[in-house]
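Listed next: structures, encoded as structure tokens.
Below, chain A partners chain B and then partners chain C, in two separate complexes.
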Partner chain A sequence: MAKTLDKVKSFFKSIGRWFKSLVCTIDGREAKLLTIYHKPATKSIISSLISIFVGILLGGLILLIISITSGGKISLKAVWEGFRLIFIGVFNTGRDTNGNITFGFNSTNIGNVLFRATPLILTGLSVAVAFKTGLFNIGAPGQYLMGTAVTFIVALSIPTTIVPAWIVWILSFVAGFLAGALWGVIPGVFKAFLNVHEVITCIMTNWIAANIVTSLFDNNKGIFKHLLDPSPTKNLAYLYKTTENGVVTSKMGLDVLFPGSQVNGGIIIAIVIAIIVYIILNKTTFGYELKACGSNRHAAKYAGINEKRSIILSMAIAGGLAGMSAALYYLSGNTEFYWSTYQSLPANGFNGIPIALLAYNNPVGVIFSGIFMSYLNVAGLQLKNLTPFNEYITDIIIASIVYLSAFSLAFKEILNGNFFKRKKNKLFLENSQENSTKPKIIKEEESK
Partner chain B sequence: MTYLLQQTILYTVPLMIVALAGVFSERSGIINIALEGLMVIGAFIGVYFVRRIILLNAPLSFGQPLLLLGMLISIIGGCLFSLLLGFAAIKLKANQTIAGSALNLLAPALVLFLILLITSQSVLNIDSRYSSNDYFMLNQEDFGLGTKLENPLGVIGNVLFNKTYITTWICLALYIGLSIILYKTKFGLRLRSCGENPQAADSLGINVYKMRYAGVLISGGLAGLGGFVYSVTTVAASSNGDVAGFGFLALAVMIFGNWKPKNIAAAALLFGLLKCIAVGYPYIDINNDGIYFLNTIGISQHIYRILPYMITLVVLAFTSKKSRAPKAEGIPYDKGER
Partner chain C sequence: MENYVIEMRNITKIFPGVVANDDITLELKQGEIHALLGENGAGKSTLMSVLFGLYQPESGEIYKNGEKVTIKGPNDANRLGIGMVHQHYKLVDIFSVLDNIILGAETTKHGFLRKKEAREKVIALSEKYKLHVDVDALIEDITVGMQQRVEILKMLYRDNEILIFDEPTAVLTPQEIEELMETMRGFKEEGKSILFITHKLNEIMAVADRCTVLRKGKGIGTVNIKDTSIEELSEMMVGRKVSFVVEKQPEKIGRTILRVEDLTVASKKHKNNAIKNISFDVKSGEIVCLAGIEGNGQTEFVQALTGLEKVASGKIELNNQDITHASIRKRSKLGMSHIPEDRHKYGLILDFRLEQNLVLQRYWEPKFQKHGFIDNQSVREYAEELIEKYDVRSGEGAVTIVRSMSGGNQQKAIIAREIDRNPDLLVAFQPTRGLDVGAIEYIHKQLVGQRDEGKAVLLISLELDEVMNVSDRILVMYEGEIVGEFDPKEVTTQELGLYMAGAKRDRREKPNG
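Take a look at the complex of A and B:
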């Protein structure tokens, strides 16, 4: 009996010691929490969270200012409601009989958050992979559009009466990937062989893609105009949904978890892809080569890495991810594609940029920032439905968060405690060295 | 022919002025990818101001003076918005591309948010009472050159005095004036030196931070003005949180023109021409014989629309070896670095 008591005692003691080791220095070892805190990754996460928090506060401030300047048209109550909706709008369950907003578990909203997060995670990955190689993939919208067009063409053209639907699904998914990858290779080749800045080629290829896609489905002369939906409500403005051919992503049981929402297995595929990208980037030689090119192209070349190949492959992967994003979004079966897109580029493509930035280009981080982004989007829709404000406030918040995340250097220095020291003592250079390990996006030596 | 020239000028002017905006920022060493966002803000502020004044029936609430005031306001708006970029890039040494992209995201979001609150539509017009398309337009009569039927100076006269906007001529004057400032004055030389070798500039007593702020502010003002001019001349003085990619196109024009005002003017003209062909090819009658040539040869409109972008790609591919960006562009200035 005494033995067991001793065991229990020592067990509790060890737990106590463990907790103590979290916060106190024991045997000369630093407290564990401090060790975790001193890891760069933690600081990245904390500075992201600071950006998010300040961004949302800014959004609330804008609501407040508008209410004050509206001259009584928008009440302070609406501001408070709007502010709460930005934070937890996804858990909103409408208004009760007294007109107060109620909160609870809302399966439709949560499912829709996951559904909308699917393409966002993948375009976020697309931008992040390119960033790791020191390239700014602003061409994700174009790659996304090419992926969209090719996915639709394959998914609607192969009759499911002959080929099983799941094979068509895989074919169109792969086709979307390849189309995006091919479109991503163009800026890559320009960068690698001709040293043309990728931002400019990406912008050009975006608009070229928009025009090509429009011409493919043009209801007058387009080659694929037979894929347009002639029903009176659509009136040839949209393509058929992929369900027309019976090609649709499996729900994988998620519709049971979140009844009433549009969620499907795409989110699981997206998360798996994100993890694969993480493994490729961090655990393989190939990934190391890509990152080496991102840190210093010339040093990488000197070390025997084929930097041209790395740049092109990186852009191909980035483009492919954007293409897959489009494929997953449109193969879900409940989304429509408006073909006359020559004047506008898809928002899903551009949103990859803030998602990647918010996640510090970490593929696993992209999963969370993608879900966060779609969380804000859904909250924005609640705001539009329930308050006098509109959904663009969430775009403002996202933009402010990205703007703040550009300050990451300053934030990290505050966390390191150097920000204020530096002003007193300018010889504090070692710490600024540490911060410069982040790949610089645009390196000037290259433009020689 | 007249139509072609008139439209080309309308498309060229905003491109030119916004590309020059990019030059001022980049030659001082700050990458300004936010040109698109600045244009959106400039267009919105200008249009909103004009709309307010018209609704208030305030003095000067008519025609050209109002347009001039609108231009001034849009310049100020652009300057203020560009301060965000300046603060992030110069003071906090943030990544300039990221800060610029953030502003590109912020501008349309903010503008659409406000427009929806103001009008509960997604477009802001100056006033429903005016068919605003030609509200600010100057015709022959305004110059005292008789009715529309008479053609005192032929094609050139038509281009100069008919269906023209005061903004065009002001922008051209500004363009020339600012180009001279950039190349022929002490200020211009100092600004450019900060984009090439800020350390050397600093060692000669030039305040790099001030110069870069100046570059970014001028850039913001010009881009804001460009946005407003675009909105007045091509989309009937309305604002909808979008300038149809003109800001990015101006960025292309700037790189195309190798960061030099003369080349940029030529590049902008080429782009303006292609843009004009893409939009108005069914109405272009080159030799006034009543046959709309480009419409009859049966090339798809999509080809015309792709042309400007395609040509840029091809030309960039061939000229990339000569392309010379400012050396210190994109690198935050750190006094301690040598």
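Take a look at the complex of A and C:
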């Protein structure tokens, strides 16, 4: 008994010591919280948070300006409500009988945030992986479109009456991945063998993809027009939905957690993929090669790494991730695809760029920045529904956060203390002047 | 109280994070050659840039002939009679020599250039000081030596009385250096004052009257050259005693490790081949040095040898295996190590941690990975072992980001990595470039250590001292060809210089056996 009592005591003591070590300097080792603060990752997170915060404040300022210039049509109360909605709009539960906005757990909103985050996380990963290898994958929209097209072709042309729906689901998901990967390889090959800048080829392949996809699903002459349900009611709008063939992503129990929302298992798949990408980049020899190429192509070559192979593979992975993004978005069952939509490029593809930037290209960070972007989207909808403002305010906020995320490097410098170095040097200078005057005084005394 | 033509009093210049000049005082007498000595990063060039008006000091004063002056830019400096030959020449490549000399000090009439007068003045100056230049040639077509003479003429054309030379001898052959010294002595006799920046001690002993030594941004002292010695100067410069003699045992030459046969490499810059039919071999237990002036094909040769560039024709054999077209990885596996010329471009991934850089060619070995996953534990242990063994100093040990390390320690890390792979052939291209005396001493010891262990070492060097001290056999390269082979014990630097400048060449036979 006494022994177990001792064990319990020492256990609690060690816990106490651990907490103390968080905040106090023990045996010359600095407090753990300080150590954590000094880690570069912590500083990245804090500086991203600062840019988010400043971005949202800017959004509030815009609300205020709109209110002032509206000539009294929009009250200051509405501004305050709007400001709160931008911050915690996802948690609003409508208005109570007095007309005040109430807040609480809103399962529909939270579920929708996760649903909308799914494609954003994956395109964010697509851009981040390419960045790690020193490439700017601005071709995510094109890869996303190719992924969309091929996913629909596979999901709608294999009849679920013969092949089980879950097998068709896997086939369409893989097909979407491969289509995106192939579309990513094209700029990769041009970069590796001909040294053509990937931004140029990516922009061109984007528009090639847009035109290919439009022509494939065109309501007059599209080759895959027949995939539409022949019943005339559905045919009118020319909307393609995978549910027509019964191919839908499993809910994985999330519908129980967030009833009334569009959430499905896609978000879990996206998070797992993000973690896999993190492991590949940081723990494997393959990731080491990719990052070496991205950081210094010449040194990678010098070390015997096949840098052409690395560039092509990195673009293939980036493209594949964008393709998977499209696959998960359209296999969700909540979404439909209208052929002529894609005479423009999909926003989901381009949004990968700010998401990757905000996460400093860290795959795990992308999960959070992706969810944050969709959080702002949903908050924007609340703003539109509950206040006189429209949802485009949140687009302005996102834009300013993206803009500020470029400044987040400066925030990081401030956190590192480099920003104020000059002032410190001036202090140093004053000290050194004091030192230099001292010997002279001594000399004067000697001469006396 | 003596009369100084220039006095810089208590100059302090700060760059973000670095105090480049900390309370430095420099006094230049009329008609003297005053050397400014210090290691790389000691603050010599910064101090001269302050004098030339390129930087404004945070504190301190400059006096000319006892009068306080402020120099806000090169034009102010010129007005005060201060001229400077920069380390990297400031010349317009596509202009003629004459245009370059008058640039910024043109004589004009009604807005039109009066080149005829300028031309006569330049020719007169060039004859007076025996500075031979071709006034109508374009800068891009003339030799480095002549470009330097153009820079000197620029100062004379502006009637400068105080001449600053920033590391003028780095790119010259021994003969050209001797000529430059003679020119400097001529200026001195005329009453001009010269500030001579260098880290080469024998040049200071040969030509300077006094010498001011800087170390880590601080002024260590000023000495009369008559009363001092090379040893004392180097101790002032480095802060400790330095050995200049590379201690070597007699070589024990063994089997052939590297054989190069009729190697030809195309040039990227011009249509001619950069390397023309060269043949030689390197045996185990010897240091073979490829000497030559920069730009005579050394870079192209090493890139072809190590697999960074393609070979046009010929054959390279390592340990009796043909590696002419082998991949870099294969060459490395067969026992070739390479200390690259440009350590930032090729040698290191600056944003990686030190440990990641130390396994740059070995991360795929079974020791460091399992099933494609890097074994961080064994990488860390290996890195710490190397850091300890080769005395690589850094802020945070194995996890230091390499960018934050000093140049000397970055180079030590490369050397640790390359030597510890236990290669049969070590290719070292300018391994001591830009390093201070202490680090140079260390690297020479490591090279000789490799040789004594029976490894073959191929050293490519532009520094004659290094060539003479370290090597067992010298091959001189000129315009992509090997023009002479020497034993360092039997040849003089003057002789080598003639070969390096292309003035002499031997007909070499292919090595047999």
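Here, the second predicted complex is superposed on the first by the 390 of 448 C-alpha atoms of A that agree within 3 Å, B and C clash if a C-alpha of one lies under 4 Å from a C-alpha of the other, contacts with A are read in each partner's own complex, and residues count from 1 in each chain.
By our rule, contacts are C-beta pairs under 8 Å (C-beta built on N, C-alpha and C of every residue); 3 or more make two chains touch, one makes a residue touch a chain.
Keep in mind that what you see is a predicted model, and the values were worked out from it rather than measured.
Student: Where does A:I268 make contact in the superposed view: on chain B (first), on chain C (second), on both, or on neither?
Tutor: It touches nothing on chain B or chain C.
Student: If we overlay the two complexes on their shared chain A, which of chain B and chain C does A:L182 touch? Say first, second, both or neither.
Tutor: neither
Student: Count the residues of chain A touched by chain B and by chain C, then name the partner with the higher count.
Tutor: B
Student: Considering only the touch criterion stated at the top, classify A:N211 as touching first (chain B), second (chain C), both, or neither.
Tutor: So A:N211 only meets chain B here.
Student: Looking at the overlay, what does A:K283 touch: chain B (first), chain C (second), both, or neither?
Tutor: Second partner only.
Student: Touch test for A:I414: chain B only (first), chain C only (second), both, or neither?
Tutor: Touch partners of A:I414: none, neither chain B nor chain C.
Student: In the superposed arrangement, which partner chain does A:H197 touch: chain B (first), chain C (second), both, or neither?
Tutor: Touch status of A:H197: first partner only.
Student: Touching A:F350, do we find chain B (first), chain C (second), both, or neither?
Tutor: Touch partner of A:F350: chain B, not chain C.
Student: Jot down the residues of chain A that show up as touching in both complexes, chain B in one and chain C in the other.
Tutor: Comparing the two interfaces on chain A, one with chain B and one with chain C, the shared residues are 426, 429, 432.
Student: State the interface residues of chain A toward chain C in the complex, per the touch definition above.
Tutor: Interface residues on chain A, with respect to chain C: 283-286, 288, 291-292, 295-296, 298-306, 418, 421-422, 425-426, 428-429, 432-433, 436.
Student: Mind pulling up the chain C residues that touch chain A in the complex?
Tutor: 10, 12, 14, 16-17, 19, 22-23, 58-59, 306, 308, 327-329, 331-332, 338, 340, 345-352, 356, 360-361, 363-364, 369, 372-374
Student: For the complex, which residues does chain A have touching chain B?
Tutor: Going through chain A, the ones touching chain B are 62, 66, 136, 138, 190, 194-197, 199-201, 203-205, 207-208, 211-212, 214-215, 218, 221, 342-344, 350, 353-354, 357, 388-390, 392-393, 395-396, 398-400, 402-403, 405-410, 426, 429, 432, 440-442, 444, 447.
Student: Using the touch definition from the top, list the residues of chain B that touch chain A in their complex.
Tutor: Its residues touching chain A are 31, 33, 84, 88, 92-95, 97-99, 101-103, 105-106, 108-110, 112-113, 116-117, 242, 244-245, 248-249, 251-252, 255, 300, 302, 305-306, 309-310, 312-313, 316-317, 320-321, 323-325, 327-331, 334-336.
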